[in-house]
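Quick heads-up: structures coming right below.
The same subunit A turns up in both complexes below, where it pairs with subunit B and then with subunit C.
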Partner chain A sequence: MKKLNSYENLKKLVGSHYMQAKTAHFFNQKIGWVSSGAPVEVLRPFDIVTVYPENHASICGAAKQGSELCEAAEAEGFSRDLCSYFRCDRGSTLLGTSPIGGLPRPDFLYGCNNICGTILKWYEIASRHFDVPFLFVDTPFVHTTMTDHAVEYVAAQLEEIVPYLESLTGREFDEQKFTETLELSKTCVELWKKTLQFGAHKPSPLTCFDAFTQMAAIVSLRGTQEAVTHYKTLNEELESRIQKGIAAVDNEKIRLLWDNIPVWYAMRGLSELFENHQACLVADTYTNAWASAALDTGNPMESLARNYLEIYLNISMDLMLERIIALIHQFDVDGMVMHSNRSCKPYSLGQYDLARCIKEETGIPVVIIEADMVDSRTYAEEQARTRIEAFLESLG
Partner chain B sequence: MWCGIDIGAATAKLVLLENTVVAGIIIPSGFDTVKTAEELVEHGLEKAGILRKDIQCIVATGYGRRMVPMADRTVTEITCHARGAHYLDNEVRTIIDIGGQDSKGISLDATGKVTDFVMNDKCAAGTGRFLEVMARALEVELGELGTLSLKCEEKVAISSTCTVFAESEVISYKNQGKKKEDIIAGVHEAIASRIYAMVHQIPIQEKIMVTGGVALNRGMVRALERKMEKEVEIPGDPQIVGALGAALLGRESQSIKKGSFS
Partner chain C sequence: MKAALTTLDLQKYLDQKKKTMRIFAHFCSFTPEEVLHAAGILPVRIFGSNIIEKASAHLQSYCCSYAKRVLEAGLTNPFDGSVFVHSCDTMQRLSDIWGYSIDDGFHETLVLPVAVDKGIEYLTKELNRFTRGLEVYAGEISDTALKESISVYNDNRNLLQELYEKRKGGHILAVVVDKVMKASMSMLKQEHTVLLEEFLEEVELGEYSRPRLILSGSVVEDPSILEIIEEYGLICYDDLCTGSRYLSLAEEQSLRGIARRYQGMWCPCRTASAPRGQYLVEKAGEYDADGVILLLHKFCEPHLFEAVSIRNSLKEHGYPCLQLELEDQTSPEQVRTRIQAFCEMLEG
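Our next item is the complex of A and B:
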């Protein structure tokens, strides 16, 4: 895999983000633990330091510490069938370890069930453990279309959170700063969207493995200037790759779409496997989940509500299928690789049906591999390899 | 001469191919894959009466394909089975391969190209291993299962899918005094159901060929036919279809540089 120069940049960015979090209390800043799908923009004007347990768990996974941390949570009595991001986070809390030495103690938790129901229980457990409040935003599932009622309902909850944050931080809500945050968030998402769209170029200058790494900033630092600056540089690098004719995978022959969360501990092996077969995963459904935002500074809460209601895991299978088919056409792929992720039920349930529909509607073949994003105990590498190789042989 | 080596979980196979199959060898997969592969080649050379330099290309396949040092390239068993089956009968559109440790269903088109496949590669149920466990529990030879099951009078029902639980079920039937023949027939039916459920995910089109060591078990094949309500074809030597495919792929890609196959 050709490493992007922006990789070092990102490493620094993520490093200083966690460093800031670790020293936040020293500087009298409040720390919020935030779920990946929560409207974080509301927190930014209060100068709250945000950390993402999901991102932290993915770091544990990539560092191959996932299973060990999961086991610690299992020893406490949590079932192995629960999401491994949760188990990993719980294990890290219990043992006080992780590649970054564990997350700093939160002052409050902020979560939203637009990604799953697990998050609710997860944050309740953390809330009891740390004896801190849990701010929860309930986002009704979008079965067919998003209703005005749902939008109003979510917007009203966001309005309600503001006074609470004022009393927690002892600061007044700064409208000006809020508008700036929204602008930054919007710019950031647009830049990220552009990053991903480079994958439509033939040959693609990036693979989804690059996107999986690069997404850390859009998840954790959305609405900040640092993230905007980072993605500008990244896009310049990708642009120059295209101009110089540099492909992420030499002699790109097969273009593929990835579905689901990455197998964090197996990224290197998988990326090499595809590369050896001149196959490039040019896009994925996961990182694209952060690539839509029609934020309206004139109507902030409502537009936040709309955006966060419509995220990928909060929509029906029919709507998912529509989005997948759009990606298939946009990126002109030859096949799709689905990761049936034992942990993430909202993402993985229905994949077999989706695969069938995709084959019927677009004619492109789909292969499904079974794994888990963080818990390597469920992953049989050799078997996954055989499935992928056989799939690539049939496409070649 | 072209050579295909298929290193499976239970057995290792070799095919030497000229205009037709010159030699087919089957030995148990040893602990040391490298040694097993060497042994296979030696046997093959001896049987065909040729020298190592007469082999133009070796293609390795199967679970241990990447552990065969003398291979010029590796290809998965899915592609190899499809190629082998198509060579034996070009009307085959579905292959059901039941190996020692996994089972799979493969769909192929009129040219022998794989269009879809499914695999059970994580669970012993629906594989040869399931049969091995049951044969041991019933104290019969693996090779006897087929003939015994055909003498069944009143088949028992095995309800567990899991190999471990099914084994306890078999033992309890044994203790209840049920006839071995009836239990074995029940075991075959359980595997057939399991395989059918898996293969059902791809279009099951005729002709259907069953390959792998388990295809030698006539009782098992009959159970599968009953379950699918379709007849299946068993090649003369169902165990070497993958190795045959590997040898054929080697022959076909002669023009491709060594090791550059993808």
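Our next item is the complex of A and C:
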């Protein structure tokens, strides 16, 4: 895989983000642990330092420390069948270790169930452990249509959080800063969308493995200037790859769509496997989950509510199918690879039926591989390899 | 004891009912059964069987056995309709999968709030959406009919509470309680009430003996586990979806009343003001229990998450706890040995 120059940039950005988090208390800043689907924009005007346990868990996974940390949570009594992001985070809290030396202690937790019910349990446990408040935004699942009462409910909860944050930080809510944050968030999402859309070019200048790495900023630094600057540079690099005719995969022959969270510890092996068959994963459903935001600064809470209600894991399968089919056409792919991820039920259950419908409606073949995002103990690598190879040969 | 409720053949009863009523499948203690009742529909809670064939084409191996069982039931014998609620991630996706693979006349998901307390307003509106949607299928559901149905359900639940009160003074076999509860979740409510009244008059209480156990978990599909447990100890109270989780009443006879009713229900899929272990500690005191058995489904996340803190708080208060994780394949002998050892330890 050809490394993007922006990779080094991102490493620095993420590094300094965690560094800032570690020194936050020294500078009298408050730290919030935030779930990936929570409307973080509400926190930014208060100058709160945010860290993302899910992102941290993915770093542990990529550094191949996932299984070890999971084991520590299991030793405490947590079942091996629980989400491995949770187990990884729990293990890291208990042992105080991780590739970045563990997350700093939170002053509060901020989570939203629009990605899963797991977040609720996970954050309840963390909140008891650290004895800090848990601000929970309840985002009713979008079963086929988004209802007005769901939007009202979420918007009202966001309004209610503001006075709490005021008393926590001793600052007043600064409307202007809030508007700036929303603008930055919107710009960031637009830039990210553009990043991903480069994958539609033939040959594609990036693979979804690049996107998996590059998404760290859209997840954890949404609503900041740093993230905006980063994605501008990244997009320039991708633009210039296209101009120079540089493809992410030499002689790209097969174009694929990936579904689900990456298998973090197996990224290198998988990307080589696809590359060897001149197959490029040009898009994925995961990183695209952060590529839609129609924020309306005139009506901020309601528009945040709408945007965060319809994120990918909070919508029913008919809506997921619509988005998948749109990606298939937009990126003109020849096949789809689904990661059946035993940790993440809202993402994985339903894949069998989705695969069937995709085949029926678009004619493209789908292969399903069984794995887990950070717990490598459940991954049968050889089996996955064989399946993928057979699939690619049938396409090639 | 010869009360008709204890010898009832539920399957036969339902086969009869099918001829005159529309039957809807439901899967959770949060189903607004009262609304279905008011629409002249019979809500039947599905437990399925442990033979899974067709469902494997739709659900991965790491999905809980309850979801597999009910999907299998639906694929084998379709109902007139199905009502899901957003209970946990698995059941929410199962609702979608059901919609993709089973063609029933009515299929709807009530999207529950996770935070019932702050979500009452939302939930009332959601119940209203649900009701209006059902009207399209079943015809008008008047406020009077709804009030009627709510009081029919309250009457029944009052009697069920009486049953649980009785358990404090002497023993009622857990399989019998299970049968009464499951019949209540599937029979036409007023018909169950008649049988339940008779049952409560005739029920003889067994000896009050030790060890006394609380059984906590989600659904118990197969009552044979109850028999195994009661070979060694007595189940004096349960904290189950197929048991006490069903008891709370609707104080107002309206959709808001139904919404409020859910506030009183202890379910790990909802936000909690206090850890669930505390609730069990209280109940253990109230029912004079010696220990707790946690009966969990493999892959059931909400309950597996709670288990650690439940065990810790029970331990802190001196209540021993045995955790059983059941899969349909678990060998009964292994389970039996562990239950026996646990009860012997309690008798100490």
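Basically, the second predicted complex is superposed on the first by the 396 of 396 C-alpha atoms of A that agree within 3 Å, B and C clash if a C-alpha of one lies under 4 Å from a C-alpha of the other, contacts with A are read in each partner's own complex, and residues count from 1 in each chain.
One rule holds in what follows: a contact is a pair of C-beta atoms (placed from the backbone, for glycine too) under 8 Å apart; a residue touches a chain by one contact, two chains touch by 3 or more.
As the structure is a computational prediction, the values presented were derived from the model and not from experiment.
In the overlay built on the shared chain, the residue A:Y352 is in contact with subunit B and with subunit C. Contact with neither subunit B nor subunit C is seen for A:A75 once the two complexes are overlaid on the shared chain. After overlaying the two complexes on the shared chain, residue contacts for A:L120 are found with subunit C alone; subunit B is out of touch. Once chain A of one complex is fitted onto chain A of the other, the partner contacts of A:A380 are limited to subunit B, with no touch recorded for subunit C.
In the superposition on chain A, A:E152 makes contact with subunit C only, not with subunit B.
Touch criterion not met for A:A294: it reaches neither subunit B nor subunit C. In the superposed pair of complexes, A:E389 makes contact with subunit B only, with no contact to subunit C.
Between subunit B and subunit C, more residues of subunit A are touched by C. Within the superposed three-chain model, A:A326 lies out of touch with both subunit B and subunit C [touch as defined at top]. With the contact threshold set out at the top, residues 352, 370 of subunit A are in contact with subunit B in one structure and with subunit C in the other. Every residue of subunit B that touches subunit A in the complex is listed here, in rising order: 63, 75-79, 102, 113-117, 119, 121-122, 201, 262. Only residues 76-79, 81-83, 113, 116-118, 120-122, 124-125, 128, 136, 138, 140-141, 143, 147, 149-150, 152-153, 157, 316-318, 340, 342, 345-346, 348-353, 357, 370 of subunit A touch subunit C when the two sit together in their complex. Those residues of subunit A whose C-beta lies close enough to touch subunit B in the complex are 253, 276-278, 352, 365, 370, 380, 382-383, 386-387, 389-390, 392-394, 396.
Considering their complex, residues 57-60, 62-63, 86, 88-90, 92-97, 99-101, 109, 111-115, 118-119, 121-122, 125-126, 129, 268-269, 271-272, 275, 298-299, 301-302, 304-309, 311, 325 of subunit C touch subunit A.
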